[in-house]
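As written, the chains take the letters A, B, C and D, and residue 1 is the first residue of each chain.
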Amino acid sequence: MQYTKRTLMKGCFALLAVAALPRVLLAAVWPEKAFNATGMSAALVDLFGTDVTTATDQITLKVPEIAENGAVVPVSIKTTLENVESISILVEKNPRPMAATFEIPKGTLADISSRIKMAETSDVTAVIKTSDGIYSTARQVKVTIGGCGG
Amino acid sequence: MASAIKVKTKLSGDIAEVKSLMLHPMETGSRKDPDSGNVIPVHHITQLVFTNNGKQVMVANFSTAVSKNPYFSFSFSGAKAGDRLHVSWVDNLGEKAELETQLK
Amino acid sequence: MSLSRNKFIVRFVFSALMVMQPVLAVSSEEPECLSPWSGSSDDSSETSSQYFEQRFAEAEQLRQLAAKAGAEWLKTEELLLNSKEQAGNGNWSTAFQLIHKACKQADSALQQAEYESKAWKHRVVD
Amino acid sequence: MIKAIITGLIFLFTLVVYQTTFAGPPEDRRAFVAYYESRFPDIPFAEYANGIYAIDRDARDQWLEIEEFPPYEFAIEQGADLWQEKFPDGKGYSDCFKDSANGVRQAYPKFDPQTGEVITLERAINLCRNEHGQKNLEFGNEQMLALSAFMAFESRGNSINIEVPGDDPRALAAYEQGKQFYYSKRGQLNLSCADCHVVSAGQYVRADHLSAGLGHPTHFPVYRSKFGSMLSLHQRFEGCIRDVRAKPFELQSKEYTTLEYFLTYMSNGLEVNGPGARK
């Protein structure tokens, strides 16, 4: 209960802050429910209304085979699919799988890179929403217990 | 004071490649302070917005699973030298930062 | 009859050893803290406390020697601090075990330092 | 005639004995480099400046991704700001560090013939501050790390050039102390620096590859993803010492300073490429 209240309040702050930024007029609402979902399926349903995605090889998902450090895993996603509306990164074994989602307006290329945290070895899934469907591709990233490091 | 956002851009034809780096702890809310043993409250960027000459070119929504000092890069078309690229982020505590740069 | 006499002798030797303890500690080659505590842990706390202080001091001295040689191990000091805490709570048997552990660590560290003072030369890449 | 030949032979013999028993720093370094050359024949000398990423190809790709926009850029920027600041007497860091416009990192640690001590870059920063009436920065403090990151950045591409003046026994003694430290086993795990980074370089320690000792000091300070902050070479030493389960020494202690002196000398000729990014 307390948790919900707190997150709700934070949501409000975030909204206020967005509203306060003069240049950011059209920023969409941060998809809180999808981000808080504790399972892949729920996260997808919250974001897209369905957890059914079409597997495709038209998405290039670049992730390391073995993460050097689970706290900083480089991820790059691009696609040859047309009319892309959004790109999302999900990590199945993370406590909350939805890591990030990017809205792609017309004119913006479906080609993004970021760095994410992974709690353990898991599939990393790139989900791309286009005007005619939801597509995905996944690759496993191994997260090991380090030795001494760097 | 150093800015909390760094941006590098590269124009090739009308395509601008944008690389950005944010100074932010991205606390998950499940980490404990090694000294006090108290849980460090969740603190993360929620939204990162890019506009070019006022037109929105990217909205990135982040969870706590984006790494500390987040990195994000993307490209957009229809860009030309002299365009004003504006970057801003807000976090779950209402903190924010912004930066404007010219494409070249 | 003979049993009680044996018992008496054991007691006598034991208390004699106890009295001589400080002398033995100085004169013997090996610090006592290197051997596990063999006394009974239900000794009156006064006796245990006396032994504890003695063995603690020995172990601490060894630790300081190891530190001086630049060879102290990571957890030796922590073991000693924990032993103090356990002793404070009257957990004598645990306290003595911890001292013994710390003492062995400090002793090993010293041996390591002594050995290494010559041995390192043979490892130099040439 | 015979006397002259005998004298000559004795002289030659002494020379040979001297060379083999008292191998000086240059001989040490040549042997150190040759060891890695024969151990990893495919790795060019200059690559060792990249530390573990010279050896571990898989990790290298991820490192290159981080280098696309490395988080240490914030530290460089902060360091550049600090560098510009003037002390109350109107002087700045550039007044202490001669030729700082071209970078000075490659010359540190530096033997100071006046005091007979080895001066690390961090200590030199503090000496500069003291000279102008400023308090020391704590070693390992954010500002110190930022300043040294900036100074490393300004020195990128310069070849490391540490001098151990052969005519000063104090310099040689410091070098020898560092060398002894490097090759001495310590801690509960009974491991020396060399056990991991010379003998076992390239092999696994749990899930990590061990980096080569050659090139270790070229890229510090580093941004450690693990901590999300900058880390000095001495803090890295501290981590290693703890990893072998020995009690770490103070930052800038004689132990770490002489170790850095020896280790950096071993990397002479490699390029400064700090600050770096590490896992």
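Note that a contact is a pair of C-beta atoms (placed from the backbone, for glycine too) under 8 Å apart; a residue touches a chain by one contact, two chains touch by 3 or more.
Keep in mind that what you see is a predicted model, and the values were worked out from it rather than measured.
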item: Chain pair with more C-beta contacts, A-B versus A-D; value: A-B
item: Centroid spacing, where centroids are CA-atom means, of chain A and chain D in whole angstrom; value: 41
item: Chain A-chain B separation of Cα centroids, rounded to whole Å; value: 15
item: Mean-CA-position distance for chain C and chain A (Å); value: 58
item: Chain B and chain D, separation of their C-alpha mean positions in angstrom; value: 35
item: Sites on chain B at which at least two other chains make contact; value: 67-68, 71, 73
item: Of all residues in chain D, the ones touching two or more other chains; value: 66, 68, 225, 228
item: Sequence positions of chain C contacting 2 or more other chains; value: none
item: Pairs of chains satisfying the touch condition; value: A-B, A-D, B-D, C-D
item: Residues of chain B that touch chain A when the two form their complex; value: 15, 26, 28, 30, 46-47, 49, 51, 54-68, 70-78, 86, 88, 90-96, 98
item: Residue ranges of chain C in contact with chain D within the complex; value: 67, 70-77, 105, 112, 116-117, 119-121, 123-126
item: Residue numbers on chain A that touch chain D, as the complex places them; value: 64-69, 71-74, 76, 113, 115, 144-150
item: Residue ranges of chain D touching chain A (in the complex, touch as defined); value: 51-52, 58-59, 61-63, 65-66, 68, 196, 204-208, 210, 222, 224-226, 228, 236, 239-240, 243, 278-279
item: Sites on chain B touched by chain D in the complex; value: 1-3, 6, 8, 19-21, 23, 25, 67-69, 71, 73
